[in-house]
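Per-chain residue numbering starts at 1, and chain names A, B and C are given in the order in which the chains are listed.
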């Protein structure tokens, strides 16, 4: 045998051995990755932290109405809601709180504990407040004794002299009782057109209002409504009754 | 000369006495016009425009507004204004019955109420005497006749009712008092106009003059007052010849 | 013209003679009395169309046919009579025949005396399988060669109301065809105020008073109903906690739609003819003035600034560029007109107490309520007047029947509807309808109704 033939055979065997070893080691590298299908369900056994969310619909209710709570959790195996107890990982529940409540959800898992909150507001009707002496407007009788209605001539909304003195007296009474608010109604007699009489009644009430404002009463305490000939104080067809109806009337604006 | 003066004085005194005496005697019988509440607001109207109603028939005698001048004032008032202009005409016996009609020429407001009312026969509302039976193309009016023809003869035969509507509408809008009665009496004017698909007249022109300018103008004005006749039952447009024959009744 | 025959110097004998004749004339004339109401005569004498309305022929044996046909016949007859442009042949004069089809009619019968009709409306009416089927014809009785003017067929679900509506539609067709192109009003509606106890609600009815029914149920005082030009919305003014406010009601949705409230008293809405703007009276600035807003209530702008109440606007329905309204700037309310931007103010009435203007559809007339003698010690009557805008000449349409108010024109300009109270009391008010010349007055409702508004179409 020659030396080259021997070298060639050694090279071939060496190459085959290297190739065989390389093939074996190459496969080994792939197998080092984690096969996801070989893993079980993602329970705490893997060690991930749980997540939780809770919502309520609607967020504001009146007393006596119901609210639907809706929550979702992940990676948790024990889920509890304060006031309800243990619940499923995902679910809904209808509740009827009587007062505003904060719903607190706790989700416990192998990876830790997390919680979520939602606040439901319940509108409770307010109890009427007892009026104190400060805001007391007084009785109707006392009011009407001191604040008299103002009367007008036909088709007129100018204040007559007798009306001027009524206004002055009313203004002083209202200044002495700053809590009183007044609604001024404008009225007309039954003759004439309904539409025009509403506008005239408005002018009459405004005329009285302007006079009171000029006499020192704050404008924000005075409100004006016109009734025209829609509401009447008497129904006879004579001048006495018509005069009774042509007025600006003062009332307590409760 | 003295005789003239005395005569004149006597007559003036007589006239004054009559006027004052009449006013004094008759004043209490009739309420002063326009002041009594129940009759306040008596009518004061000589409307130029017309309510879109046909003129009322003779049988209706409640207050009616026609397409022409309703009575502007009760008769008494008109009588009062007559004395001043009439002395010049009174000497002619024939004119003695005319003043109520002639006076309107002096004043700008012609009341049509006076003469026509009495002579009209009282026709029952339900047509006991029947409607006015007239040939389709000619319409008999108070102060004359109006006739029309459509240049398209088949249209006129097929849609005679539409021809009738055109005739009637124009006739109702013809204010005969706009024509001078003396100059127009017995005369005729022919106007020609087109009507489009929607029934709106246009292009009115006088084809045959009558010789009385007031009659011609009254005819043209009659057509101007018409807004429309209603849509044509067929076709795009028709041309109409309309003749007004004025004849005082 | 006449030519007075007079010599240059009339002899003394002539003068006394002429004056004597004159005196006689004057004395004679005194026997004539002032007439309360003008009696006029037709100017031209052109007659109205004489139309005969035959009873329709029943074409089926269904038991429902007879009552529905009766409703149909009566409604058709009334519609044509109410139209104001026909001379309708009285039923007693008609021949007994009821032609149901063109082949069955004998025109000779209808065109000769005593009927003497120029037009005949006839046809067949049947109820089959729950549907009303009606064939209507209008024939020209004088044109024997080509008599047919109209041929219509109607097919609706069977009911009393549909029989009425079919009659209305047929009548409108006839009126449109024979009335010079103006549509008939048989299908229009009237909106009005109904007084119920202490409240006022808005109701609606057909133009002849049929089918009265409520629209609002607000339990308060609602007045001044105004329907929009396209019949979709109803504007009115209603008393709320803060006074009267303009409210908008949708007839398509059958509920209220939004219209912003404003301070003060807001009254008397009025639609512009294009349906885009609403004019009304508002006292949000303290004094009632005329404001214009768009149909939803936005873009409100003031267009008057007179001291004194300004109320009851109404648009010119032909042009939409003018507004008539009532103003008390000089004392008693008077009617004014102005352009829609507030310029060119013009006073129309010269005294008395004038209110509630309504503008005629052809733009030429104003109808309104007027009391020419108003005030203590001089009680007068409030009546409906029509004034021609161009010349300010007017005519009184009602008299001696108690206070009348709130006239409203029909869309054909031939009719006016109004409210009248025989003894002056609000509870006795009813709604009446008349032709625009004051004739053919008849009531449409019982007592307790007010403020009518006629629809635009």
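Rule of thumb we're sticking to: contacts are C-beta pairs under 8 Å (C-beta built on N, C-alpha and C of every residue); 3 or more make two chains touch, one makes a residue touch a chain.
Treat the numbers as computed from the prediction; the structure is a model and nothing was measured.
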item: Most distant chain from chain A, judged by the mean position of its C-alpha atoms; value: B
item: Comparison of A-C and B-C (more C-beta pairs in contact); value: B-C
item: Centre-to-centre distance between chain B and chain A (centres being mean Cα positions), rounded to whole Å; value: 75
item: Separation of chain B from chain C, taking each centre as the mean of its C-alpha atoms, in whole Å; value: 27
item: Chain centre separation in whole Å, for chain C relative to chain A (CA means); value: 51
item: Touching residues on chain B, where the partner in the complex is chain C; value: 3-4, 7-8, 10-11, 14-15, 18-19, 22, 26, 29-31, 33, 37-49, 51-58, 60-72, 74-77, 79, 83, 86-92, 95-96, 98-99, 102, 105, 112-113, 116-117, 120, 126-128, 130-133, 136, 139-143, 146, 157-161, 164-165, 168-169, 171-172, 174-177, 182, 198-199, 226-231, 233
item: Of chain A, residues touching chain C in the complex; value: 154-155, 190-196, 198-203, 206, 210, 223-227, 230, 235, 237, 239
item: Residue ranges of chain C in contact with chain A within the complex; value: 200, 221, 223-224, 239, 242-244, 264-265, 267-268, 281, 283, 286-288, 308-312, 326, 328, 331-333, 353, 355-356, 369, 374-376, 405-406, 424-426, 450-451
item: Complex contact set, residues of chain C against chain B; value: 1-2, 4-6, 10, 12, 14-23, 25-27, 29-30, 32-50, 84-85, 87, 89-90, 92-93, 113-114, 116-119, 140, 142-143, 145-146, 149, 176-182, 362, 364-365, 370, 372-373, 378-381, 383, 385-386, 388, 390-391, 393-396, 399-400, 412-414, 435-439
